[in-house]
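You will see chain A twice below: alongside chain B first, and alongside chain C after that.
Moving on to the complex of A and B:
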């Protein structure tokens, strides 16, 4: 078990999300960086969908009330177990009474703290993710407070620790791009925007404003203008959809997005790039590249293959490490 | 199976005795070790090493598996250790990348890291000398 000693309420328990409820108005929630979640779970031998604590603001400090192994993935801020610094994306053993402190990173937003078997919270509508708007799921349907006590689902799971995984930032070659490139499919209302605006969308670097969070990313840049103003009834939308309200400044729906909206949709971030977008810090910039449906599917396939390969290598190491 | 450490011992003995070729077989494996013909040290008899009253030689930390050696973390180049650092026994001093895995390289004993024997990010073989660690003090 761990006791949260220091946190902001923006830390929350997340798994891969709540699928299948959008038509009832139940949003998906789930980890903003599903690659980090799954790789961290693999480090401990957890199921890929096991829940972890997603941490967007630092420092966060927890105390272990028993001997327990853990892993930290997601970001590249300092990770201290008492006064020993751990490598990034690493698994380790904590002893009873030890404190783990996670510090901020300047270029990656979110960290994940994984425990053996996942964080032990009840499944609600098929997921352990916190639905912050609906106040259900996760730990008591809310973000974490200091004093909260969270249990590992399989504290005795065991297996080797003290090793790590190459972060997808390095493995997928996105670590050193000064402005991250996010792949986007044109969406239903793409053609209502002027040619100049469409060009501006692809060619400018967009600023991620401080009004960006798990619900959505609000961007700022040269405004995008529709040929004729379009009013639409609210209709179903999913995470990744890029809406353009009348002020011409796009909003990208993220994991806690509401399931419907009425603004024109200019594009959709492809699934394979949602993890990357979810990790880009507020205040930095992002660019978009247009892809076709086939390229989006291919990117998804390649990412799945990469992830399965990395997870298989971890599983092999866990089986044979002495 | 033979452990890598045993194989290294066998290779060292071959080198000292001048044996050029050896084949070892077990139930599920067969291993052939052959000395590099260019290796002059494999000619017996080797002169015994001079006994010197100098301070203890540096201890070489070697790679326990083939991989890519990282003295800085590949994610953001944060330095793990650098020459001149004093380390405790069991302290993490480098990472060995194997595929997507990053495995720890620990210091076998307390001491001072004198020098890195290979470039950061280079491919190393089993037994490649990674870091010279000064002994004693």
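Moving on to the complex of A and C:
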């Protein structure tokens, strides 16, 4: 078991998200960086969908009340077990009474803390993810507070620790661009925007404003002007959809986004780039690059192949090192 | 401006590789919605789809895996639509007591100004109809309602608000609804009601379903 000693309420328990509730108005929620979630689970030998603690603001400190192994993935900030610094994207063994402190990173937003078997919270409507809007799922349907005590689902689950993996931003070669490039597929109302606005969308670097969170990333830049002001009938949307309200400043739907919307949709961030977008810090910039449906589909396939390969390698290491 | 009125045939589009959107043409109404409910039932039987999500005279279909050729699915849906099948749902009717205006209805005057009506006329027109639940969406338990008087239609706000409280009765374009819990909204809030729309532990977790009806009963007005 761990006791949270220091956190902000923006830390939350997340798995891969909740499917099948959209027609009840229940959005997917789930980890903003599903690659980090699944790779961290692999480090401990957990199922890919096991729940972890997602941490967007630091420092966060937890105390282990028993001997327990753990892994930290997601960001590249300092990870301290008592006064020993651990490599990032690493698994380790904590002894009873030890404190784990996670510090901020300047270029990657979110860290994930994984425990053996996942964080032990009840499954609600098919998922352990926190549904903040609905106040259910996760740990008591809310973000974490100091004093909260969370349990590992399989505290005795064994296996080797003291190893890690290369983070996806290095492995996939996206670490070295000063302004990250996010791939976008044009959406239904793309053509209602003026040519100047469409060009501006692809050519300018967009600022991620401080009003950005798990619900949506609110961008600022040269406003996008529709040829005619449109009111769409409310319709289903998914994370990644870029809506443009009347003020011309786009909003990208993220994992806590509502499952329906009514503003014109200029495009959709492809699924394969949602983890990267979810890791770009508030206050920095992004650029968008246009892709076709088949390119988006291929990107998804490549990412799945990368993930399956990495998970297989970790499983192989666990088998022979253990 | 409501584009769908001018379309001659349904519009199909992709939401990335995750879903497609089918939008019915013509006036927003129950007849179109019954066709959407029928189309959703048809789509539930198709392979490769994870969930069908009816909206306001439209239908989102979530892919289990991105289809190789979405155009094939588009063609299937269009031929099914042309069969003109309808599904009739007859549910319960609930009466919701609403306090209009004041602290919990900060945009009531904006709606009156936009529609050129007095505040009491807006309230009278808002609380007159029987509103059928067309679909759920937005947030857990939230009901999209049909049948609002177009005279009180008011565009969504320039900039969405970061949070409005649960129970907020609001108007966005040609639609009205009640927030089931606190959260962000781009709509105009005109009043407040106490009603529980969602319970994660109940089966189903929602109080109202498509085919049910809502009546708003004005129990108070603040300037």
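Everything that follows uses one rule, which is that the second predicted complex is superposed on the first by the 321 of 322 C-alpha atoms of A that agree within 3 Å, B and C clash if a C-alpha of one lies under 4 Å from a C-alpha of the other, contacts with A are read in each partner's own complex, and residues count from 1 in each chain.
In this text, a residue touches a chain if its C-beta (ideal position, glycine included) is under 8 Å from a C-beta of that chain, and two chains touch if they have at least 3 such contacts.
Note that the coordinates shown come from a computational prediction; the quantities given were computed from them, not determined experimentally.
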### Query
Does the superposition put A:313 against chain B (first), chain C (second), both, or neither?
first
### Query
Should A:124 be classified as contacting the first partner (chain B), the second (chain C), both, or neither?
second
### Query
Given the touch rule stated above, what does A:247 touch, chain B (first), chain C (second), both, or neither?
second
### Task
Would you sort A:163 into first (chain B), second (chain C), both or neither based on which partner it touches?
first
### Which of chain B and chain C A:76 touches, first, second, both or neither
first
### Query
Who touches more of chain A, chain B or chain C?
C
### Query
Which holds for A:3: it touches chain B only (first), chain C only (second), both, or neither?
neither
### Task
With the two complexes superposed on chain A, say which partner A:293 touches: chain B (first), chain C (second), both, or neither.
second
### First (chain B), second (chain C), both or neither touched by A:174
neither
## Note on the structure
Interface with chain A, chain B side, in the complex: residues 73-76, 78, 80, 92, 95, 97-104
#### Entry: In the complex, chain A residues that touch chain C
19-27, 124-125, 131, 133-137, 141, 185, 187-188, 211, 215, 228-241, 245-247, 251, 258-260, 262-263, 265, 268-271, 293, 296-297, 300
### Message
For the complex, give me every residue of chain A touching chain B.
### Response
76, 87-90, 107, 162-167, 169-171, 175, 309-310, 313-314, 317
### Message
Touching residues of chain C toward chain A in the complex: what are they?
### Response
1-4, 11, 13-19, 21, 23, 28, 50-60, 62, 66, 68, 70, 135-142, 144, 155-160, 162, 172-175, 180-181, 183-184, 186, 198, 200-201, 204-206
